[in-house]
Amino acid sequence: MPHLRAEDLREMLGRDLPGAVQDPSPLQIVPPPSHGPQHGSFVTGDALIDPSRILEAALYMRDTLGYTYLSDIAVTDYLTDGLLEVVYRFYHVDGGPSLALKARLPRENPALPSLTPDWPGANFHEREAFDLYGITFVGHPFLRRIYMWDEFEGFPMRKDFPKQGDKYIGEDE
Amino acid sequence: MIKTEELQINIGPQHPSTHGVFRMLVTVDGETITDLKPVFGYLHRNHEQIAEVNTYLQNMPYTDRLDYFNSMANNHAYAIAVEKLAGIEVPERAEYIRVLMVELTRVLNHAGALGFLINDMGAWQTQLAFGMREREKILDLFESASGARLMCNYFRFGGVVRDLPDDFMPRLKDLLVAMPAFIDELERLLRENEILLQRSEGIGILPRDLAIAYSVTGPVLRASGVAYDVRKAEPYSVYDRFDFDVPVGSVGDVYDRILVRIEEMRQSKRIIEQIIEQLPDAQGGHINPKARQNVRPPVGDVYARVESPKGELGFYLVSDGSTKPYRYKVRAPSFINLTPLGDMCRGYKVADVVVILGSIDIVMGEVDR
Amino acid sequence: MDIQRGNIIVMDRRTGKLRAGQGLLQGLKVVWDHWAASFRKNENFTQIRGNFTVEYPDERLQLPQAYRNMPVLLYDDESGHELCTGCYQCQRICPPQVIHITQAKDPVTGKMVPAATEFIIEYDACMSCGFCAEVCPFDSIKMDHVFELSTADHDSLTMRKAQLNRPISYYTSIAPDLWEGVKAGAMKKLQGNIKRRPGVIGMAPSLTEKIKARRQELAEAAAAAPPAAAPAAPAAPAGKLTPEEKAAKLAAMKAANAAKKAGGEAAPAEAPAAELSPADAKAAKLAAIKAANAAKKAGGEAAPAEAPAAELSPADAKAAKLAAIKAANAAKKAAEAAPAVAAPTTGNGTAAPTDEKAARLAAIKAANAAKKAAEQGNNE
Amino acid sequence: MDLLIQIIFGLLAALIIGAAMMVVTVRNIIHSALWLITSFFGVAALYLVLEAEFIAVVQVLVYVGAIAILILFAIMLTRHISSEGERLLTSRWWLTAIVALGLFGAVLLPTLAGQTWNIPLPTGPAGTPAPLSGVEELGREFVGQFLLQFEVAGILLTVALIGAIVIAFEERSRRRRVLTLSEEYTLRQRQQATAAKQAPVATADVAD
Amino acid sequence: MHDVVNQLINTTFGWGWPGWLISLISYLLIATLLFLIAPFQMLFLTYFERRAIARMQDRVGPNRVGPEGIFQPMADGVKMFTKEDIVPDSADKWIHLIAPCIVVAPTMFMFAVVPWGPGMVPVDLNIGLLFFFAISSVSAIGLMMAGWASNNKFALIGAMRAVAQMVSYEIPAVLSLLAIVLITGSLSIVDLINYQGGLFISTMDVASVPDFGLGWFIFTPVGFLAFIAFFIAALAEGERTPFDIPEADSEIVAGYMTEYSGMKFGLFYLAQYVLNFLLCAMTAIIFFGGWQGPGVGWLYSLAITPANPEGGWIFNVLSGALGVFYFLAKTYIFFFVMVWVRGAYARLRIDQLMDFGWKFLIPLTLVNIFGATIWVGLTRWGAAEGLAFVEGWSPIMRWAIAFVVTLALNLGTYLYLARIYAESQSERARMDDEVLERLTNVA
């Protein structure tokens, strides 16, 4: 059972793909409250990759390290920090804990290279991220909304999407 | 050669065998599928955003509704994720009870899934009725422990909501007498039936490498020959204390998926027997008395996963230090297992589509979230 | 790859066998076995054959004690006091937010009382998760076993306190062991709470009538002992009344009228006037009671209005005041429940003499409240 | 009895002719095929009136049960024809009608003219042959008197069958046009294998 | 049967009515009777099926309407009648309307040749068997019309499947009967039944066998194989599991019935169940002796018949009652088998169905016809037909030899075909190496 830790991964990536790994800045998550206990901030331990080189890093994971199994692509909207974070989670088929690659994108026109041509399993993950967060995956063969209908406007999982009301229902209803 | 025209058919969203509101846009040439596009989202309720406005505990009953067949497994994955995030200890006894419930869920799910699969092949409910009968017995047990049959809401952070009732163990032992008989009978019905063989052998083949590339999980992955089981690959809870085997298929077709599911029921039964042996010696109560249910985990993110009967069920949580999760993402096995559906169906007949779909075993509550 | 504590089994597909219909016959055999065995009943977990059907409306399975369907509120059989204190714990934890509580206030002091005047659960949106029962510190809210709740409309599934109330004896009948575990603590807490509840606040609405009747009975017995007290002089002329009494009576009548009007077309209430009543403060009280009754009737089926409180308190100002307040509350509620058509006539109108001010004030307040409620109704 | 039979005959004849007219006049080709079936049924009933039960049943079996269904299949499977409701008659339908009538008359008139009518029914002296209506007689005649015709028809049918098979048979290698996922996968692997096999050779060539 | 009516009218009224009038009256009577019987059979069959299959699934089945739920089908019928009749906008209204009628009519026709008891056949056609199958093929047209007129893809696909299936499975059905017809030498259903007297051995094969009405064809190897083939084909004709492909609910919703509602749907339902009943009846008649059974022949020999006008009418009633009882009992047993099969199996795919019909059943039935000729030759022929060597054997010996020879032939054929068929199926399932080879080289 392979047992790579996140630090090892960062080290290896830094060695083999120079320039791809970025230094993570601490995430504030929520604005500091005016009173009451201060929420903390946190620094991720996972490898933070330059968004443009995510495909390269993923292929490195697969071909060099043997982490062939792409389990999950999760997106988080850090509104206070003004960025979207995409988490790619890889597993080794022989078992062991996961390794994650993270990429941070600006909230305006976020774009990433698509993994779907190499991992068909990324298809729905990326469509979901496109649907709910508006991240464009360049090179995806069928990048369409997956849950919401095609005419839907806005990205419902973003933190600034209005949580109340329904623009499709008028005032009188 | 005769020139034929292609025809587009919508199977679903209201169709008897799409397992919910699910649509398949099928292009057929005669009866042969040339293209299939799954279309879903009819049941989408933005589960993940609902979770962001609820507290951690309030999300527990919502996880029941993800895969409503296996609410216990969903609860387990979520409880593990939050416990990992907040650093909550779980007593040994509670762990055993949890594993017991989840393994019962696995039997229940596979019994139902096989029944539905055979139903999709056109049987008139008999296999399903047998499966449902066993499922009812297990649901009776769930009801006596948790108070509900389907939406169990049984797990809490640090344990389970209440200890097993007194009559639970005798009934469970009775059930374990019936279970092998049921599994054998199901196997007699399914394993050598020529019609079923014709319908399932060589249908919907997913080769080993592609199965990994498509990120499928659970019995579908194992039927393709990959012995990947989260319970073995990254043991959680107390799974490292049990002896059980991992069944894998050799071809990766529908028939292998049937066989793997049957064998998994047997293995679950093995685990349950070991739990019955070990449970009386387990330390602690049914819940960690120090665990606060209104958790306020430290800032950070966590990913935890379990082997749900349908595959790898994972929860990715980000905490901002408040009582509500900042981000709550479900890695739903049914959803990801649907990815290869379109490609798997290509080249087969219309009648095979529903069989392949049935062999993936999806639940729309989890797919659409 | 290797696996700890177990093997990888490759499933045997049995490809080498000649398939000439044996599998089909095997399947037929299995089905036949079930058919042949289906003529006897099977209720045993160890059996896989036999008729499993439970013919539901005729026979019912024993529900386990832990079974949870919809939440209900418990009250004590003996004292009639509800266990609920209106602490909002359940309202806060409820994931779909279907619990709505109004906490009771002491009408005299205006302070919070550990009881709920209103407790609403929207059964149609409840997800039966059981959190409310789990968090309730007073073990007041419990999960019911009744599951046949289907109706044709959503509104009838919005349960108010009167519909939610169940005696503890009911809960012990469905879940004896579970109640046994919490009984001592719950009853102790209840005793503490009862002490802080004035009047009938915190009592099960279904019982207030009964309690009222019981108290009336006791009072009559007490009244019969000194026969002289109230000869119940019929047709005591109104003129003989002292101005103070008259004022009180008038105010009460007005309140009654207002309430009646607020109730709209309903309320074929008994004549509110207490012309024939003895010349004392009792008249006012009676009138107020009647007003309250009228209001309650007007409120129709809803309005589990506070009972009009017929404590046989001495014939003093306080009783009248209380009654009037109650009338006012009732009227308000009635108006809320059934928006009134007609606005009440003049608010305070005729001047009242100086003393018995409290009674007058209360009556005026009642009238005002009724008016306001009616106006609200109109606006809506 | 005779009157009854004549009435029935008249009705059937009207039905057959009416249905035949409808076949050529209705707009929808499916309807026209259905009228054709009606006409076939009428003919079968006519055979029954003639007490030729076997022929009647065979008429139903062959014409209605097989040929009509074949026609319907052909129409329905070719979507362009079935979907349009355009008129089947062309503008010069009358010309066709005249030609058809003329041909029909040319065949029918001599028959009508040369036929001696009102032959008394053969009322069973022992020597007269039974009419060819029973299965047994038919079978005997097929292997007796009409053996040659029977054999020729048999050969014709066999040839037609073989021809149909030849037309319908696709080459084995072309049969499954749509590859399944696993086939695609195997194919890709083989292609990679051959490419890998060729690649060293190619480099070797370059090196040389 | 109308000879009985004739007798009855003439003896009762003695007016010497013209023969054709009596025929007309008797046919009308019988037709009305059959039209009453058919729907009630159907109603009972639906109830019977639901109860039986419920038992197989450890359930009870409908048991609320009336005692043990016996009036459930009535309730369903009332529901059908009161439901709204919906015709799709883009449907071809007229064809949509008459399609169910065309489907029902042939099934009613087929009752004409079904014998219910000794001397109780509505019309004794000398080509009864042929008539039965000729008429049954007509309902295919109705299905086609229904599928096309609905203007629905599922309906059209369902209709195509239904017709393709019916047409293909008529061939094995008729071929399997051909073996029986070769033995009896007649297409008449009545002759067929009369042949099946005896005790395990037909009296026609061995005259010395006592007639217990048990000389059924099922007891001969030829008959047994023909029975298997015929019953399978009957399942396909009647669209029963595992051949209920045209209305495969998991794939094409309800096939050609998708756009039908109310009583039009009910008519399809009626046609299907009546057809199933008739197919079961045919199975019972052809292979299990129909009304033949212990006692019927003896009773009937004492009854009023054209051959025996001196008999007692009570024997007519008795033999008729016993015959109808035997006949219906056998029919219902076969219907139970249909239900049983439905309870146990899944459904085949359309191409597998075609494969099975054409590659397995038809060769099997062809070999069976060969077996039937052997049977006829060994049991009946002599020197006149060129089989001089059988002359000296006793009839029972000839029967035994024929039995053994045909048994060996049929069993061998069955196993051989099963192997070949299974191999060809797995061949199809496996990847086509040739194709891949070619494609690899192309790329």
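Letters are used for the chains, namely A, B, C, D and E, taken in the order the chains are written, and counting of residues starts over at 1 for each.
Assume a residue touches a chain if its C-beta (ideal position, glycine included) is under 8 Å from a C-beta of that chain, and two chains touch if they have at least 3 such contacts.
Just so we're clear, the structure is a prediction, and the values are computed from it rather than from any experiment.
Counted as hops between touching chains, the shortest connection from chain C to chain D is 2. Chain B has the C-alpha centroid lying closest to the overall centroid of all protein C-alpha atoms shown.
Between chain A and chain E, the centres computed from C-alpha atoms are 65 Å apart.
Taking the mean of the C-alpha atoms as each chain's centre, chain C and chain E sit 67 Å apart.
Per-chain CA centroids place chain B at a distance of 55 Å from chain D.
The mean-CA centres of chain A and chain B are about 25 angstrom from one another, to the nearest whole unit. Shared interface positions of chain A, i.e. residues touching 2 or more other chains, are given as 1, 93-95. Looking at chain D, one finds that residues 176, 179, 182-183, 186 touch two or more other chains.
Shown for chain C are the residues in touch with two or more other chains, namely 1, 19, 21, 24, 27, 30-31, 34, 52. Chain E meets chain D in the complex at residues 20, 92, 95, 125-127, 130-131, 133-135, 137-138, 140-141, 144-145, 148, 156, 160, 163, 167, 170, 187, 431-432, 434-436, 438-440, 443.
For chain C in complex with chain E, the residues that touch the partner chain are 15, 18-21, 24, 27-28, 30-32, 34-35, 38-39, 42, 49-53, 55. Contacts from chain B toward chain E in the complex involve residues 7, 9, 11, 15-17, 31, 118-126, 129-130, 133, 189, 193-196, 198-199, 201-203, 349-354.
Within the complex formed with chain B, the chain A residues making contact are 1, 29-30, 37, 39-42, 44, 68-72, 74-77, 87, 89, 91, 93-98, 100, 118-125, 132, 145-149, 156-157, 163. Residues 54-55, 57-62, 126, 130, 133-134, 136-137, 143-148, 151, 153, 161-162, 165, 171, 174-175, 177-178, 181-182, 185, 188-189, 191-197, 201, 225, 227, 232, 240, 242-251, 255-256, 259-260, 263 of chain B are the ones touching chain C in the complex.
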